[in-house]
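Look for chain A in each of the two complexes below; its partner is chain B in the first and chain C in the second.
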Partner chain A sequence: MGHTTVEWVYVGVVVAILCYVGADAWNVERILDITNAPAEAEVIKVTGQQWLWTFEHEDGRKEISELHLVKGKPYRFEVTSLDVIHAFNMPDFTTLIDAVPGRINSVWLVPDQSGEYLIQCREYCGFSHYQMRAKLIVEDHEGGPSVANAAAELPSKGAEAIAS
Partner chain B sequence: MVSQSTIILLLIPLIAVFLLGIESAFAQESTGQYIAHRIEVWALFYRLMVVAFVIGAVVMGSIAYVVWRFRESHPKNRGDITTTRTGGTHR
Partner chain C sequence: MVLEVKKPRPIWEILFSTHHTDIGLLYVYMSITALIIGGSLAMGIRAELFTPGTGDIIPDSNTFNRIFTVHGTNMLFFWLIPFASGIGNYLIPIMVRYKDMAWPKLNAVAFWMLPVAMALVWLGFADTTWNAYPPYSILKAPGPAAEMWIFGLKIAGISSVLGAINFIVTILKMKHPDLPLMKTSLFVWSTLVTSLMIVVAIPTFAAALIMLYTDRLGISGFFNPAMGGDPIAYQHLFWFTFHPEVYIFLIPAVGMLYELIPKFSRKPIFSYQSGVAAFVLLALVGFASWAHHMYSTGMSFTEKTVFMVGTLAAVPASAMHVFNWIATMWGGRIKFAAPMSWAVGGIVLFFYAGAGGIVNTAMPLDFLTHDSYWVVGHFHLFVAGLVTMAFIGFTYYMFPFITGRMYNERQAMIAFWLFFAGLSIVFLTQHILGLYGQPRRVFDYVPVQPLIIMNQIASVGGWMAGAGAGVFLYSIITAAFKGKPANMNDPFAIGEQYYDYTRREPHH
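Up next, the complex of A and B:
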């Protein structure tokens, strides 16, 4: 048993696979890092507290336990907490980041499909942790299904007048 | 003196990282098109699942071969199997 070719091939293959797995995961993490967030992303301040989420848009609009976003638009979430450690999670968009008191953590996202989704605290934060949810509503257009937008789609003159 | 095996083992990770770097450098050039977290993360998940299942299949295949090849009833294992130079004792 003098030759070690098979052993070296085996070691090489294992090292190559480990390198591929590590490099691939590192690369995806780097691409999705906050430093690669689009410059034009709208900043949304996210605050967690026992046991609800509040959101503040760039224009000052505030929402409680509900967040309205627009499909295809980039957002940058600046996440913090008022009391204990929470975790801001939008599972349908594979987004998760800790909300830590006294610290602002950032994550970015471009919602690529419209609909209603779940926002859930993903770090145990006390008695009602499991109820610390919010509703994420991704709208197709800016402004969402408002009265004017709905009326614009009606074929009557009156609706056109309302829309104008 | 660095052996040939060492050079090959060092080249493998370097080439792997270099290839990934080229791919991602061009991916970032497009303007007005954004990367979708959801798609990137699930694509990574499925790629790594493929790697995991391929490794699992290779390991299971190797075990199956060893069990089959070195069973007592294998034709090559019949008769006297203590035919080493030392007759089965250490020197």
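Up next, the complex of A and C:
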């Protein structure tokens, strides 16, 4: 019956689209997976607590509410929390991982743009969740001055582009 | 014919009644109350976010957190679930041709647990979020609010399990022997499937709630890392209940649309079997996707893949319903009376919502959307879009059969346009806010464009929807008392036979 044929064709199309989405997502996520983090990546220990972020570089340098990275260098963030669950989020680089007490979660990133960006908490963590922010500064060269501070207060590069 | 509202009865007779239509209407009154008071909290949230900066109308962040927690908890557990139970109570015995629910007293008990649960949630006014993730909920959330939230949900959960058992037994055991299951309305199927899912899904969360409580007391440490517990275990228990639960919210609304769409298209349902198949498929596959809410908790690539596939596998079932509705409307002589307009508006938003859901499901993209305003937009398109719009449309549809009176069609259409346009504006805009990185559950945002303007657009949309809900409430209250007598044979003037919704046993 033509009745059911139409529906089978429709279901077939839907399934095909879903297979495509699934396969593509699988493929991209596989590449981004932590097991593919470059071996030479610098490990940065990220600790969330109500309501601020601290960062510890491999050489022992500590930063509070500010993180200095160098463009083009690979990093591996090892993220944890001292109290409740937070989420370490750099929206401009689509980096997001939960900071869970008692666990260390890892993500890796090679910042490909210099400038100043936002780091924020993306998991509800109580009273000052909404202002648990830090500043990400990606420098062009090791130890060099940061290139842009125009974006200091901006939530994202995209937002800045739209605004101008 | 017994018309509930027309024939005045003393209030205590209704309150102590165990008759299924009385209980059904009590559920409906309670849930519409929850819709309105929970909705006003949302109006406050949107007012606070209209401009950047804090304390615009909500004094501090703690109050703000309590407001969105109670808003979410209230809307899910005291609007969506009870409304579906109410219509189920009213219609299921009629539709399976039995005199009442299988256990009328149990039915009354299940209902009367809900006002208690609701009072606990509202009087406590917790700030745990509706997810109540530990360790925050066990170590930091202020009591006794959090305890009251836990007990409120506990009671609501027991109520819905009792109600579900009653539905299952009524449908499977009390159904008239001459009426095969495959000849019952798809609404009966939707209630059956929903009830089975409730019985399987809820106990997990019920256990998790007890663990939260004993963790709060400090006598256990299930989710407390300092005592060797694992907070992520809670998230698994929570979502094992609540991903299926999102389909529990959805499926009764789908069942109602199967009543509305053919009637106002003046055509039979395109494929009854496909509707049944999609219900059953969703109920089974819906249990295989819970951890898609947890991609960012540090799951391995393999785990993430499994849950992505599980989630994608549930999508065809929803797509089949949409196809069925469109195919039913296709070539029909559609009458866009109020119930049909609300139904079709809901289907439009359902489509957007599903598309957004697929984006959340694709692992790398979820790291863009997760815990951002995108997710808020996504699920509201379902729960406020499809589900609430189907519920309101169905309220208008049943209105003449319940009250013997007709509502004012113009008011119902004004309510529809305000609500539909408002929802589209607020929730599609929230998707964009999410892409700009605005986290959810925030009292304030970075004061830059385009965040400011987007939040303002969202607020205006939210208020429009609020106004629409207000007009809806006004229209049904005034019509209940002063509406014109309805033409009971064909209240919507579509020249079709109706299900005999008023055929039931007298009160006992």
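In this text, the second predicted complex is superposed on the first by the 133 of 164 C-alpha atoms of A that agree within 3 Å, B and C clash if a C-alpha of one lies under 4 Å from a C-alpha of the other, contacts with A are read in each partner's own complex, and residues count from 1 in each chain.
Just so it is clear, a contact is a pair of C-beta atoms (placed from the backbone, for glycine too) under 8 Å apart; a residue touches a chain by one contact, two chains touch by 3 or more.
The model shown is predicted, which means the values in this text are computed figures rather than measured ones.
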| item | value |
| --- | --- |
| Most chain A residues touched (candidates chain B, chain C) | C |
| Touching partner for A:D112 - first (chain B), second (chain C), both, neither | first |
| Chain B versus chain C as contact partner of A:V28, first or second or both or neither | both |
| Which superposed partner A:T95 touches (first chain B, second chain C, both, neither) | both |
| Which of chain B and chain C A:H57 touches, first, second, both or neither | neither |
| Partner chain(s) touched by A:C125 [first = chain B, second = chain C, both, neither] | second |
| Contacts of A:V15 with chain B and chain C, given as first, second, both or neither | both |
| Touched partner set for A:K71, first chain B, second chain C, both or neither | neither |
| Touched partner set for A:V6, first chain B, second chain C, both or neither | second |
| First, second, both or neither for A:I85, with chain B first and chain C second | second |
| Residues of chain A contacting chain B in one complex and chain C in the other | 11, 15, 21, 24-25, 28, 30, 32, 92, 94-95 |
| Partner chain A, residues of chain B touching it in the complex | 5, 8-9, 12-13, 16-17, 20-21, 24, 27-28, 34-42, 44, 47-48, 51, 55 |
| Complex interface listing, chain A residues touching chain C | 3-4, 6-7, 10-11, 14-15, 18, 21-22, 24-26, 28-30, 32-33, 35, 50, 83-85, 87, 89, 91-92, 94-98, 100-103, 105-106, 118, 120-131, 133, 153-156, 158-160, 162-163 |
| Interface residues, chain A side, partner chain B - complex | 8, 11-12, 15-17, 19-21, 23-25, 27-28, 30-32, 36, 38, 72, 74, 92-95, 109-110, 112 |
| Chain C to chain A touching residues, read off their complex | 61-62, 65, 127, 129, 133, 135-136, 139-141, 225-226, 230-232, 270-271, 274, 296-298, 301, 304-305, 308-309, 312, 315-316, 319-320, 323, 327, 358, 361-365, 367-368, 370-372, 435-451 |
